[in-house]
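In what follows, chain A forms one complex with chain B and a second complex with chain C.
Showing the complex of A and B:
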């Protein structure tokens, strides 16, 4: 890959760029992949929850002038994300599950419901900001830069990589080895038998949605700071990428999700660095199609690994 | 003065009939015949004068009490900031026109339709607008503008665009564009670049915005004229949030100066990335950068310079009044998109006043006449519109600590 990227420091810099981008994709996609792979909930409102968390930080910090630093903003955003996803679970998903005649119908209705919910935070943010990009903190965080063989990497970028990969790896291990994780996997395989075995689906849903919302909040703050600003479309722009990452990695596999995120990021960076950026999305998604043709269940889909 | 030709027309249509009848009456020798002729003459005169008075009265008030206008633009989506600024400018203009009775007994009502930045949605909304609105204000992004222009041209709907600098927009006589072409500003920006003594340039641009692509091409082709070496470009899509790999590619050219032709949040992101990379050379841009930087009040973009047709508070008295009215109404500083939109609505109102009619053909003709005579707006006191296109020299604007200031 490095050989393709061009000159001197640019090679290493682009590797760093790909690592940061892959980390952002993995953290964001994790929030889609976890409920989808364990509870069969494809939550298409995840992008707008990501936006909502960054937007609430903006309202508090910039509009209400509450002096927040990055860790405090991250704590606020995580809390907002957890509460928002719990509300969605309680008001929408749980009601749909209760009223649907079968699982297939419930899954479809939850996708439709999440699309409806997605519009609300976007409309609010758009109305307040007028579509203008907004900073999530009063002042941008000036994180320290480190020189690395001519390339540079900031503390913020190191934090993004460490937190994203750390969270996904920890979650993958938790799902595989913990009691709750085994419960989730049981629900994913057969919800009815799992509930006969005493596993509470409602409780499991609340845990999964809470984790998903929290990571949306963390991603919103980290990404907002990394890009210097967000705008009302930021979550939707990421949603398609997150969805692709989960599908490529294999629904239900968090390890696959990690590989899918970095594969997409590397593909995008290589295309941007070597061709006109016009081709970035086209080539990246063509690669995804090729992967899915070769492995229809994704890189780590059910054919190789059952559930995480 | 513009009303006088239509006011005199009915009188000239009355007088020939009125003169002819007495002449024929004088030649008559028979009393009954004369009596009959007299009665006919009186009846004809009455009919003519009645028709004349109707005609006069209808010409003086042939504009309906309520004139419906529509603005189709992407109030949501990647370019929502620009559409929102445009909406605010239009709202202010409509309020001004109605409260000052600019159109005497007629008032304007403006509907804002959200195309979400999608050309297909914009085209659908344009189709629905045909026959429903007197004047259509088209979307500001070229992609959508090109999609709606053929529909409005085919149905001869008087149409005013702001921004939307792509070819394929001004395709009929019923369409005017009240923003100078962005590409016409490139030479002024490059003159500034030459004055900085920068000897090389690399460009980053959004490849899905035709106008920005055209500007990038112009910067490549004009390199020798303005004494710099064009090193290369990095293109991104406007939906790409993380542009760091494109910026690394850009910096690998080791340019003395950088041209930024991006939209929305990408501008503030680039400011941050260039600052991290310790790039201190001149940065030239396009007016679109303003909206991206305004929201973030980005001090890392200090020194970015571009050419624009307006910057608050403007240079003429009208412009200063507009700025203070805008600040009072929206509690924000107006942008050039609002100013252009304000002028666009006034321009359409001036055309309606001149046409004294809402009939499309008459409004189309008046749109051309108003522009050919020189329109007195906030963007300039004698703005010329030829073949539907507005012309202006523009001002150099520099970004400093959260705002743009005119520097030349």
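Showing the complex of A and C:
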């Protein structure tokens, strides 16, 4: 990477860009990887919940002219995300789990259902904004820029890195060491046996979906502010990158998720810097396909527990 | 009749495309293979067919070439994805759809880039397209009735059980995947030849939602479900003109409602209805029998 990018401070700037991008990817992908790794739910609506949170901020601050600053907007978005994912869990996933006879069928129905859910916020945002990019706050937050060996990094970027990495690390520790976390890992191995041990599956999935929705909301506001705008397709574009991250890291491994996110970000920054930029999105596809074909369980993933 | 036919030409053309696409989604979901690849093959088939037609290949040649190419690519992909199950497969096929979009956007003169291809020869008539869709239904219904079709349905319920019963589960999965690819490719080429245009926006996320809506609302358990779904989705916009801009919203909501309340869709509803009817009639007969016996005593 080093030889390709020209002068030193430009190199450092690229490293900072990759770090910020990687942090956002890890925060977003965490919301996909956690329910998948623990509850076996692939929530294809995650991208559109991300969009919904940014969109609600837009409606509140730009349309309804409520003066919101960034922390308030983040709080609103997190609340929206948590509520939205709880609703999905309550109305859709829990009902499907209750009604279907075997786990495979329930998984299939939940994936299809989440495709349906994903369409709802996208359709609403599309109708309201007409597909045009929208800002999530009245004016972009002015964040102080710091000089760092010739490169610059803003307060917003620092908080993106700190918050994202902090949340993912905290969650990884929580899953590893806390009582609830142990319960989650037990459910991931075998839901039936786990429920015999007195672990409540519905409570666990409510916790997991709440966390997932909250991170979607936070990611929506941070990413929206970082890029200065969102549009109705932002969520779907990011969803695929989230997949790539989860797949590279391996489902069920939160540390792998961090590695995957930063690997993807570095790859994208290098491709953008060395080619015309049209192939940037190709990095995530290439990663997905190569990893799934060579190491279907990801680099850090656990072997699937298969019993008859 | 003829005037009705000409008045509905566009809808009938849409119906032909929708039926093929819905069958493509339904056949994989029926066998429990989580695949959204139909939409990617829709794109590939459309581009290939459009290019062939623009080089003056006769229409039958175009259709055969697209069908064969889709089958081959689908079979190859199925081999590549052989180790993937469930959610992983769903995700990689989802990625495959996006890759086709990116290829379409960057494909140079073969795909016409982001604007797509225009002025594709209008090689297919509406009647021929409908015939193709009808043939698709016939093939799928016959397949479903036969041993292979019934064996494939086991994949959805319990793959291990199927394997234990001696079914060639792996080759069946490849067959289903390739079949779905062929139907998807044919849907794409039909659409390209009927509308004379194809571009990367024609097979994006919305087409996945539309395809899923048709298969799921109709019912993935049978080809009839796909056909019912295709009819409903094709004629829905004419019944709900005020809702035109909220079409995507209605489809999405429908998917969720059906998946939660009646996972087997309209077909499941009809089957349950007939069973209930039969059960009711049998109960009535038994009661009549009992009463008759009492009278005789």
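One rule holds for everything that comes next: the second predicted complex is superposed on the first by the 290 of 308 C-alpha atoms of A that agree within 3 Å, B and C clash if a C-alpha of one lies under 4 Å from a C-alpha of the other, contacts with A are read in each partner's own complex, and residues count from 1 in each chain.
Going forward, contacts are C-beta pairs under 8 Å (C-beta built on N, C-alpha and C of every residue); 3 or more make two chains touch, one makes a residue touch a chain.
Worth saying up front: this structure is predicted, and the values here are computed from it rather than measured.
Q: After the overlay on chain A, what do you see for chain B versus chain C, clash or fit?
A: Aligned through their shared chain, the two binders clash on chain A.
Q: Tell me the contact category for A:273 with respect to chain B and chain C: first, second, both or neither.
A: In the superposition, A:273 contacts chain B only.
Q: Should A:227 be classified as contacting the first partner (chain B), the second (chain C), both, or neither?
A: Once the two structures are laid over each other on A, A:227 reaches chain B alone.
Q: Touching A:13 in the superposition: chain B (first), chain C (second), both, neither?
A: A:13: touches chain B, not chain C.
Q: Give one of first, second, both or neither to describe whether A:152 is in contact with chain B, with chain C, with both, or with none.
A: After superposition on chain A, A:152 lies in contact with chain B alone.
Q: Can A:126 be said to touch chain B (first), chain C (second), both, or neither?
A: A:126 contacts both chain B and chain C.
Q: Taking the superposition on A as described, I'd like to know which of chain B and chain C A:281 touches: first, second, both or neither.
A: Both: A:281 reaches chain B and chain C.
Q: With both structures aligned on chain A, tell me which stretch of chain C collides with chain B: 199-207, 217-225 or 253-261.
A: Clashing stretch of chain C against chain B: 199-207.
Q: Does any part of chain A touch chain B in one structure and chain C in the other, and if so which residues?
A: 122-123, 126, 233, 278, 281
Q: Give the list of chain A residues in touch with chain B in this complex.
A: 6-10, 13-14, 17-18, 20-21, 24, 122-123, 126, 129-135, 140, 145, 152, 154, 223, 226-234, 237-238, 268-269, 272-273, 276-278, 280-281
Q: In the complex, go through chain A and note every residue touching chain C.
A: For chain A paired with chain C, touching residues are 36, 40, 42, 44, 91-92, 95-96, 99-100, 102, 104-105, 107-109, 111-113, 115-120, 122-124, 126-127, 233, 236, 240, 243-244, 247, 278-279, 281-282, 285, 288-289, 292-293, 296, 308.
Q: With touch defined as at the start, can you tell me which chain B residues reach chain A in the complex?
A: 75-85, 207-208, 233-237, 239-242, 244-246, 248-249, 251-252, 264-265, 267-269, 271-272, 276-277, 291-292, 294-298, 300
Q: In the complex formed with chain A, which residues of chain C make contact?
A: Chain C residues touching chain A: 29, 32, 34, 80-81, 83-84, 86-88, 90-92, 94-95, 98-99, 102, 105-106, 156-158, 160, 205, 208-209, 212-213, 216, 245-246, 248-249, 251-256, 259-260, 263.
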